[in-house]
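Two complexes are shown next, each including chain A; its partner changes from chain B in the first to chain C in the second.
On to the complex of A and B.
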């Protein structure tokens, strides 16, 4: 007798609890009378909170007014968003001259343009594009934001940055449409596709040199009005400080972490004491030291720009935190990986760069992004030493004569802005994790 | 003032050490005036926005009575109030930033005290505002004098002299006042408005501006007593007598001009037509008063032309002007000496 049935059994639909909305409700919210009560209480609390927020923030709120008195006259129980709206330029750009705001916007757009190829499919040489963003973009943006006379060094770097930006963009376009790259296309156009490697290299270098000279000549005539750093502020300043801190944190942290695990005692001791010194002191103290003590040790008349001091302090601080994150990642890599790397004949840098670091960093993404988000929020401390970053600006609204006492609305607005930026960062890190561990789940 | 007490103490420690160091190091070969002229603009230091004294407007420009002092000094030196870079620092590092040469002039609400004048390596020039601590109470409480505050709870900012003055006042008058302390003035004000304390104490300028920002300013009154002396004066680094004189006489020029009836509107006319010898000397028509200051002949004219006289500044930012905080001037210490106040300029001769 066979255990198997010969005929097909009747297809039954999934139980009601698994498919319908009612079923879902029953299973998750009203499965017992205790849960039902909890559900109703929670719903009531949510309703009350949202209702009062809605009344205060939207329904009764004042959006257009000349000053806070007028807000009060229109509605006493609603938010006065008018003050925040009138201050928007201050909140985003600080005291940056209003006629020059396009420079800040352009700087932001250029960054997006520069980085966009990193996310596009079929583009080659993404590492080069990434590195050029880190090393050349800051000069172009720095000149755009600060302006003034370009020294010879700045002229060269700005030229390099523009050449690189144009090259990157063309390269990315070719990559997206044909899957090729800029060098091959150039060689094709110039009819050198079949020439020897050396010949090809020389041709490309010649093209690069011509482009460099051409753009150098063009950019000489391009100058923008100087804007002193004291006029920088708002969200713009926050992003500049934390952006530089974030970009320098990873390389700095990797070097310090490797130094701390080094077999050479001098390097190890120096790295360890550096990390421990900065990690055991709060950021605000580092900032105070950098801005008030540091000038005292300098020769008479030597006044370093306060913004630069702050940025250096933030970079050192974030590098030390990053170093410990990276070190944790390094320690999670099994010893076998190091030994395997040695057996195939890799030296120290080969082992670290090709085998260990890529694995370690992949594991550390959540922690690294956590540090970045922390850093972004920490930079608001600079408002205490007198830089008008976004928090400084938001707090200044409550002191401005027409808006005196308006302090809740600006802070809520700031919280929303920060949430948006931080949420995007953490979402992106999640995406990166999934993408990089695609192999692991196969 | 608006930071946590931890930050305050860290900052205070750093600042004290820094000032101690700075006292020994500042000995410049060049005078401050030379440095400022060479640089092409004045670096003037104010505090973090505070009603009446220094504020940012929605366009990112500074305004306020202490900002006007900065502008007046810039005008005296360069003939234009625009040749000025305003720096804003928190109260914890205000003296350090002056001592280490970051700024040329400290024009912010710093109370002139013996200790600060003698131990911080700086000199206070001339008082431009007499402030003092007072109390505000709800009108319907029936309190009309600070001496009625027996056993009352009073909202006060922590870590400030305001808190210490309150304790002194309570002890001396045997009032048993219970202080409720806050880190942030906005939170303090909200608590007071919601009835969390019977009275609120602050400098009277601060009380006036707090009150103006309340939903119903008419429901609150400022009590007549003033329990502390807070003479506010611009300060400069010690050891440069000429620079000290320039700042001091800039303040005096503002007061003197009001005394002589010279203002922004009539200064051109006064310079051309006035027969008053004092006016003619001050505006540089007669005599050589500018020689010792190292400024141009029309320095005082430039101040008045660009900024206005003391009375005009007061009306705009302290008085009932559009940006003002509404503190009455007549009968107060900030009135001219001819009207019973303390504002007095030595003679221009």
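On to the complex of A and C.
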């Protein structure tokens, strides 16, 4: 059978059922009797839940009161948010001295300042900025939070961190406004733009050395009062523990995963047994082991405080979980990529660092962020071994004399806080995924 | 097949082979588990020589050239490339790999890097060439494979033929002494095979030492100094192309040729 169409078909607009709101409703919610009944029942349930939540949490709630008794006097069926509000500072900072809170806030602000260039367009050398965040920021923040006398090591690291922070910020500003970078601008100012590579490098190193010495001299006079770790607490402590856990998880996990895939049997067996040991034990057990058994392995007189022990335990635990995530990502890279890297003469580290890891990490983003979220929530377990992290703080509200028995409100408040943080992380990971895969498929 | 199919030696390239030996295989044996893939292979390749390896699948031809840059490890015998014996010494292996370019059936470009970055990676990280120079070099080779306009795209945006030409350019950027091709056109659509073969013919004209595993017999006739036929891990027959196609000696070769040239 043969046919031929003489004229082009006319383009018509889609039927109303596809485009209008009513059409959408009809198609998705009221397509049949059963569907319509289900829709109404669900709507009713949602309505009831939201209405009672609204009455309890907002309409009848008490926002200002001196103690729980007063809350009851004002309203019997409402939430007593007054307790949470009065404890708000404790929830965020624990028992950190109130006059020194600016240090915690400054630490947070510095982190934002340090990392902001990573998200700005036109800024170069983002890898360096990222690395300096991981390796130098912790020392500056650590000193800010803990205070006290700086040993010579701390002096050097704090100086390095400040030099880096100033350098990063200036570099980022130059990048955003002119698309250049700090090294080029410095060379331009010093008139060494056309000098040889070695000359340029030496000039930059000299500038760096001068800056280092200058800031070293300045920071000697700067000390802050010591705050013992026992005073750290609340959201602040949770973020410190999980922040260190998260930043050390990735490098630790990569090393363990590579070890597990190593061709050398000793390294492979060691990494595998290490990973399996930590993965088959619950975090709470690891935490107890760290605080009770860790001191046994240490030389006599060597006392680590409990916080450091806990942080080490969390780091090891998260690194082992990350190792398995990384290994899964590595297995997704086709063999041909390894071979191609070999054939252009790259050695093991070149192949891993330039070819395999960048691709594997991209595949792994959802899983990595998943385990970060898991870790953030898992760190609340430290409240069981006696650290007053956010959960410990929320629970101690009910022990406080005026608010005795106030359990529900603080825990709901904590849940909302965690939800906000975790939801943002998960949304950001989704965004990263889309952005990176867009890069590959452009 | 008849003699008239291949009777013209007009189109054949003049041989660039010199007397200097660049690859030497002595009694090489290789097993995959219990499976004996390469059986007592002896092979001598001279500088500038162009060799085509053919044979049925599973005959060990890919394994043979993958042993030459140590993507596969042989268990017995000696392989000497450019005066260096391949053994457990990692330094030697890395050195030889940077002197031997390889093009794969499935291209194996790095999907997370742009075309230009794919080409400059080796020169910058292995040869320590300054970035500007490496970029210039890469653009030269992209011109040679006729796709300079694709430099800033990503591998996923290119057609198969273009990707394979980029892969060839990537190997050439390392300025190799030897080029190995492992069925470079087998994964390509028919209309793209020619553009890749053209690039390879041009490369042959520059006097590059080439070992090509391929089923493109027309290509073998044009550029090969020698055609090697492998079957079940043996080198069954080797000869210059005219003789190989017109006057095969062994029964196995005759059977293979009749199968691939029958239509």
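We take it that the second predicted complex is superposed on the first by the 418 of 442 C-alpha atoms of A that agree within 3 Å, B and C clash if a C-alpha of one lies under 4 Å from a C-alpha of the other, contacts with A are read in each partner's own complex, and residues count from 1 in each chain.
Criterion: contacts are C-beta pairs under 8 Å (C-beta built on N, C-alpha and C of every residue); 3 or more make two chains touch, one makes a residue touch a chain.
The shown structure was predicted, so the numbers you read here are calculated from the model rather than taken from an experiment.
Undergrad: Using the superposition on chain A described above, determine whether A:399 touches chain B (first), chain C (second), both, or neither.
TA: first
Undergrad: What is the contact status of A:171 with respect to chain B (first) and chain C (second): first, second, both, or neither?
TA: Neither partner.
Undergrad: Touching A:344 in the superposition: chain B (first), chain C (second), both, neither?
TA: After superposition on chain A, A:344 lies in contact with chain C alone.
Undergrad: Taking the superposition on A as described, I'd like to know which of chain B and chain C A:327 touches: first, second, both or neither.
TA: neither
Undergrad: Quick check on the superposed pair: does A:103 touch chain B, chain C, both, or neither? Answer first, second, both or neither.
TA: neither
Undergrad: One more residue to check, A:150. First (chain B), second (chain C), both or neither?
TA: In the superposition, A:150 touches no partner, neither chain B nor chain C.
Undergrad: Between chain B (first) and chain C (second), which does A:260 come into contact with in this model arrangement: first, second, both, or neither?
TA: neither
Undergrad: Considering only the touch criterion stated at the top, classify A:124 as touching first (chain B), second (chain C), both, or neither.
TA: Neither: A:124 stays clear of chain B and chain C.
Undergrad: Between chain C and chain B, which one touches more residues of chain A when both complexes sit on the common chain A?
TA: Of chain B and chain C, B contacts more residues of chain A.
Undergrad: For chain A, give the residues common to its interface with chain B and its interface with chain C.
TA: none
Undergrad: Give the list of chain B residues in touch with chain A in this complex.
TA: Going by the criterion above, the answer is residues 2-3, 7, 10-11, 14-15, 17-18, 21-22, 25-26, 28-30, 35, 48-51, 55-61, 85-90, 92-93, 96-97, 100-102, 186, 189, 209-210, 212-215, 322-325.
Undergrad: Under the touch definition given earlier, write down the residues of chain A that touch chain B in their complex.
TA: The contact residues of chain A facing chain B are 68, 72, 76, 86-87, 89-90, 93-96, 98, 228, 230-231, 233, 282, 284-285, 288-289, 291-293, 295-296, 300-301, 303, 306, 384-386, 388, 392-393, 395-396, 398-402, 404-405, 407.
Undergrad: Under the definition above, what is the set of chain A residues touching chain C in their complex?
TA: Residues of chain A touching chain C: 334, 336-337, 339-347, 350, 354-355, 358-359, 362, 439-442.
Undergrad: Quick one: in the complex, what on chain C touches chain A?
TA: Against chain A, the touching part of chain C is residues 69, 71, 90, 94-95, 97-98, 100-102, 104, 106, 108-112, 121-122, 125-126, 153-154, 156-157, 167, 170-171, 174.
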